[in-house]
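Down below are the structures I want you to see.
In what comes next, chain A is part of two complexes: it sits with chain B in the first one and with chain C in the second one.
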Partner chain A sequence: MPQTVTKFATCAGCACVCDDLELHANDARIFEAKNACEMGRCWFLERPISKVEATINGKPASLSDAIDRAAMILYEADSPLVFGLGETTAEAQREAVALAERLDATLDTETSLTHGTMELAAQLGGKVTGTLGEIRNRADLIIYWGANPARTHPRHLERYSVHSTGKFRTRADRTMVVVDVRESETAKEADIFLRIRPETDFEALTALRCLVRGQRIVCERLNETGLSLDQLRDLAERLKRARYGVIFVGQGLLQTRGLHMNASAATSLGIALNATGRFLVMPLRTPGNIGGADAMLDYATGYPFGVNFSRGYPRYNPGEFTAADLLARQEVDAALIVGVNAVKRLPDSARTQLDRIPTIVIDREIRNATVSIATAPAGISASGTVYRNDKIPLGFRPPLTSTRPTDEDVLRRIREAVERKPETYPTASARMTILE
Partner chain B sequence: MLRITGGTVYDPANGVDGVVKDIVLDGGKVVADGVGGRTIDATGMIVMPGGVDVHTHVAGAALNFARAMIPEEHRRALPFLRSKTLRAGVGGTTPTTYATGYLYAGMGWTTVNEAAVPVISAKHTHEELHDTPIVDKATCVLMGNNEVVLDLLEQGEFERAKQVVAWYLWAAKGYGIKCVNPGGVAAWKWGKDAKQLSDVVEGYKKITAGKIVSSMARIVDELKIPHPMHLHCNNLGAPGNVSTTIETMKSLESHRAHMAHLQYHAYGGNDWESIRSEAPAIAEYFNAHKNLTTDAGAVLFGNTITLSADGPWQYLLYQLTGKKWGNIDVENETGCGVVPYVYREKNIVNAVQWATGLELLLLIDDPWRVSLTTDHPNGASFWRYPEILQLLMDATFRKEEFAKLPEKAKARTCLAELTREYTLREIAIITSAGPARTLGLPQKGHLGIGADADVAIYHLNKDIAKMFSHPRYVIKGGEIVVEDGDIRMTVEGRGFITKPSYDPAIEEYLKPLFQQQYSMSFENYPVEMHRIPHPEITEV
Partner chain C sequence: MSLPRLILMPIRTSKQGQQVNIGKDHDDYLTMTTTLTVHPDDLKERNIPNGARVIVRTDHGEAEFVCTEGKVPRGMAFVPYGPPTCKLMGGDTDGTGMPTSKGWEFDMEVVLNAE
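Entry: the complex of A and B
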């Protein structure tokens, strides 16, 4: 078999989206991924591809039958949900928005179950962020809070932060701090590790902000965090001395008690620190292209996730229009899922409902669903655009080809099938009256 | 083919000033004559070339960052319901992409220039522009704080800097070169700013803001980029910044420059208490120097969101307002700041800003060199342009509005003394013919044979704001896209790109620098051509 070498390939094994991989492949598979981390190697190499292209009710079906059936289910539903989108290309996300809109559906992504709390914090008080090269070039204080990149973003330290050599900084110039509830692999590399009690992040971050701003804090409350006043004072002094600092916040902060108030506490601290130096606060997003989904939804609807089209135009309300809540309240009567990993993040109450309603799953594998369509995996055999953790877009360089359709193709064909059916359009009376 | 008969045509580029004549469109262009097709009876209507926006922020990471921060604004914005023709969306301070196309076309504008594109995220900008229907699009690439270029200028390597700028422009698939607060945004990465031209840029030993300005102007001219250097001056928004602005204009000598949103650079006074308009001084210098063009950056009262690559200014604005603050630092290239803002009629600073924008539009004597903008969304959203047209065309209305300002503010501006009223010819110049010429787009802004078939047709109406808000017809590329206030069909716009010539060896120089300074591979950095639908490339 002829072999190909693809240089500067882009990996979406995690949200780092490293683009310096060298892939060796033959017609059938990738057998080597140079420069890849363990997650990257899994992403590129361990890719069983199911032989069946589509199923309806678990039985093999043709692609066109599956698309027609999917279109019929979604067309007939009163309150369909389009969900997922974290593992696909920006081009497919664009099609998903168009389809959700056409269906007057609710559109939600796994952002609502992950770093969506950071988006809410931004809506509350703003956000201070940057591209990863700025961290590499400038950061002298790097804090990982509730994050374990050694496990979740294996090349983060090496390529973008602590261990990288940038224009103005090397490892020797940087202080690395880890704040976590346990001594993780990442914590072992830190200059300073602060073990915090679970679910006290908000308190610790708020105490730090008070210390940074010279405000009084109640020491008894501090005890709940498991951190001493001296520890926090020391960290506060380092924060103030930093010329260019960053807090990378992980799911351990963003999805634990406090949720968006934790994110807001981290953001507020970061904003306050721009009075003494420059400071950023950035989430470590979950694998794939979820940053692209945020960007796409923002520009097409104005909102980053939890968007409802039932009145013919986008409305937003986390809690009301987010997948986990809608499903738990049994307000959804059909679901289109693009990429199954998002489903794994749903709470049981939501997943139970998915078992009760017709579902369509578009994924690289055949899954347990009313209609399942297997597509060409993005970055492996489908081209397109992926957004990095810092929302910088990159093109995929897929080394393989596939006879499978892409997610984008399938979503477009479903929409076209829906459009062939009789249609009514929302009228002006659908507009919500906003009481000022 | 499409024939527009009986309309009163304002086509200043071709010396047509309110003449009743037919305009014939075919194959997307204005043609001499033809037979068949549809005829539009435009009797009693005015016919103008489609509007051109020389400076707006309608796509890209910074704007989208702002969109994500303000759901409260979207919620009370004009909703766009999906229909057979339209995609859903929201209007308001920062309309969604589809709504942006509908809103521009809906008031007769058919070409826009997105004025701030970081190269590293240009793929994102083009992705949004891809989904911005109807209008044709140009982009300006941010270069005034590019550290690769600044490092070369510091070392006195002007020729190489020029090659690098050319390479970046093509890498971004951009149209023009933009400099925002030259040196100031690079300094912001160290927590500083560059307010004066003589300031040595933080992080450098020699190079000053002034040196960046003059070097970039020379680079743009020597590369023969159709659009002059698009310049957001140092010291934006600050009381007393008139001296910086005039000094900047002087430092350009004979080089071309487009002075963006001049209103924000035309203040006197020593502090917020004493701020006043210095529009007359600015206009006097500007009038005498034909190498310069500008756009108003006018302000209207109401809610908006400010966004700019000028990171240090936006941080100051956050400190002043205490509202939410967004910031993005973009490696090696630029930054971005976002702060929601309300311009209040009763606020003295805001009242002075409102008056300053109008003063500039009225005091600059050559309409060809001043374009209508609000620096959308900074001064107001673009869909409020008709309100400004009314203020320009109707001195009585302007006087009534002026009367509402606080007494203190009234004394800080000469607006009350200005009796000039814009004619329809002059309106056609500042909204279309002028900005098209400034951008260097010979096929835009006029209705001569060979021009793009972009036409706005308005019912003559005494209510000027209403007239310009509701065109009777808008034609884009020969297709009727708006009829009686409704979008009847949508077309895809084109993307204007400049391809400057550069020495390919510059890539070998840049590759190791990318390895050291960028977090992505050199090979993955340039925008691929397939991302721009309907590209129109100018090779220079």
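Entry: the complex of A and C
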């Protein structure tokens, strides 16, 4: 079998989206991924591909029958949900927006279950953004708060952060601080490790902001955080001295009690620090193209997740139009899921509703759903755009080809099939007239 | 005197990251996501042998795990995210869309000692 070598291939095994890989493949499979970490190697080499192209009610079906059935389910639904989108290309995400709009559906992505609280924090008080390239070249103080990239983003430290050699900074010029509830693998590499008590991040971040601004703090309340005033004073001084600092926040901050208020405490601290130097606060996003989903929804609807089209225009309300809430309240009567991993993040109260309603799953494998369609996996045999952790778009360079459709193709064909059906309900604009 | 409840911290690991690609229904993934790491003194205080099968109960649900001793802070238990931890999560998102998925207090009870 002839072998091919694909240079500068892009991996979406985690949000690092490394684009310096060299893939060796034959017609059927990739057998080597040079420069990839173990997680990346698994992403390229070990992801199973389904032999069946589609199923309806668990029985093998043709792609066109599956698309027709999916279109009918969504057409008949009163309150459909389009959900997931974290593992697909930006092009498919754009198609999902068009389909959700056509269906007057709710559109929510994995963002609501991962770093959505960072988006809320940005809406509360703004955010300062930058790129990983800037951090690599300039950062002299790098803080990980509730994050363990040594395990979750294996090449992050080496490519973009502490261990990277930038234009103006090397490891010797950088100070690395880790704040976490346990001494994680990342903490072992840090210059300073601060062990914080669980669920006291908001208090510690607020105390730090007060110290940075020279405000008074109540020291007794500080004891609850497990950190001493001296430790926080020392960190506050380092924050003020930094010329270019960054706080990478992880799920340890974003998913604990306080949720968006924790995120907001971090972004407020970052904003305050821009009075003395340049400072960023950036979430370490979960694997796939979740940053792309945010960018695509922002660009198409003005909102990053939890968007409802039932009035014919996009409305945004986390808690009301987000998957975990909608499903737990049983307000969804059909669901289209793009990338099944999103479902596995849902709490049981939401997941049980998915067992009661018709579901359509578009994924690289056949799944347990009313209609399941197997597509060509992005980056392996489907091309497209993926967004890096800092929302820089990069192109996939798939080494294989596939007879399977892409997620984008399937979503477009479902939308076209829905559009061919008669309007049985008043159009959104007609409903607006009635409401007026 | 009853012992204070422990705090559950679901975490992500690179092994879990690799396994996600292979399949979340795979045996290795299930083993990983049902292994709870606890400080040895916390296990001793509760008379739970290393390797025991335990039922973990939060205010929202229960799930079965295997307990192992590990170098983790006292009062806390760590487990890779997965379907069992989702059973312990409350559905309430406080209007954010994100259920709190870390820091629940829990009790545990032995169901069967490992051989």
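As a working rule, the second predicted complex is superposed on the first by the 423 of 436 C-alpha atoms of A that agree within 3 Å, B and C clash if a C-alpha of one lies under 4 Å from a C-alpha of the other, contacts with A are read in each partner's own complex, and residues count from 1 in each chain.
The rule is short, and it goes like this: a contact is a pair of C-beta atoms (placed from the backbone, for glycine too) under 8 Å apart; a residue touches a chain by one contact, two chains touch by 3 or more.
If you're wondering where the values come from, they're calculated on a predicted model, not measured in any experiment.
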Determine, under the contact definition given at the top, whether A:319 touches first (chain B), second (chain C), both, or neither.
-> second
Larger contact residue set on chain A - chain B or chain C | B
Which holds for A:19: it touches chain B only (first), chain C only (second), both, or neither?
-> first
Should A:294 be classified as contacting the first partner (chain B), the second (chain C), both, or neither?
-> first
Answer with first, second, both or neither: which of chain B and chain C does A:341 touch in the superposed model?
-> second
Spell out the part of chain B that touches chain A in their complex, as residue ranges.
-> 59, 61, 64-65, 67-72, 74-77, 79-84, 87-90, 92, 94, 96-98, 120-121, 123-124, 127-128, 131, 147, 188-191, 315, 318, 324-332, 335, 338, 516-521, 523-524, 528
In the complex formed with chain B, which residues of chain A make contact?
-> 7-8, 10, 19-20, 90, 94, 98, 101-102, 119, 122-134, 136-138, 159-160, 165-167, 243-244, 271, 274, 277-278, 280, 294-295, 298-304, 309, 311-316, 385, 387-388, 391-395, 425-428, 430-432, 434, 436
Within the complex, chain A is touched by chain C residues 7, 9, 11-14, 17-24, 60-61, 71-73, 76, 78, 81-83, 86-87, 89-91, 93-103
The chain A residues in contact with chain C across the complex are 13-14, 37-39, 42-43, 46-48, 108, 112-114, 116-117, 120, 148, 151-152, 154, 181-183, 195, 198-199, 251-252, 254-257, 259-260, 287, 305-306, 318-320, 322-325, 328, 341, 344-351, 365
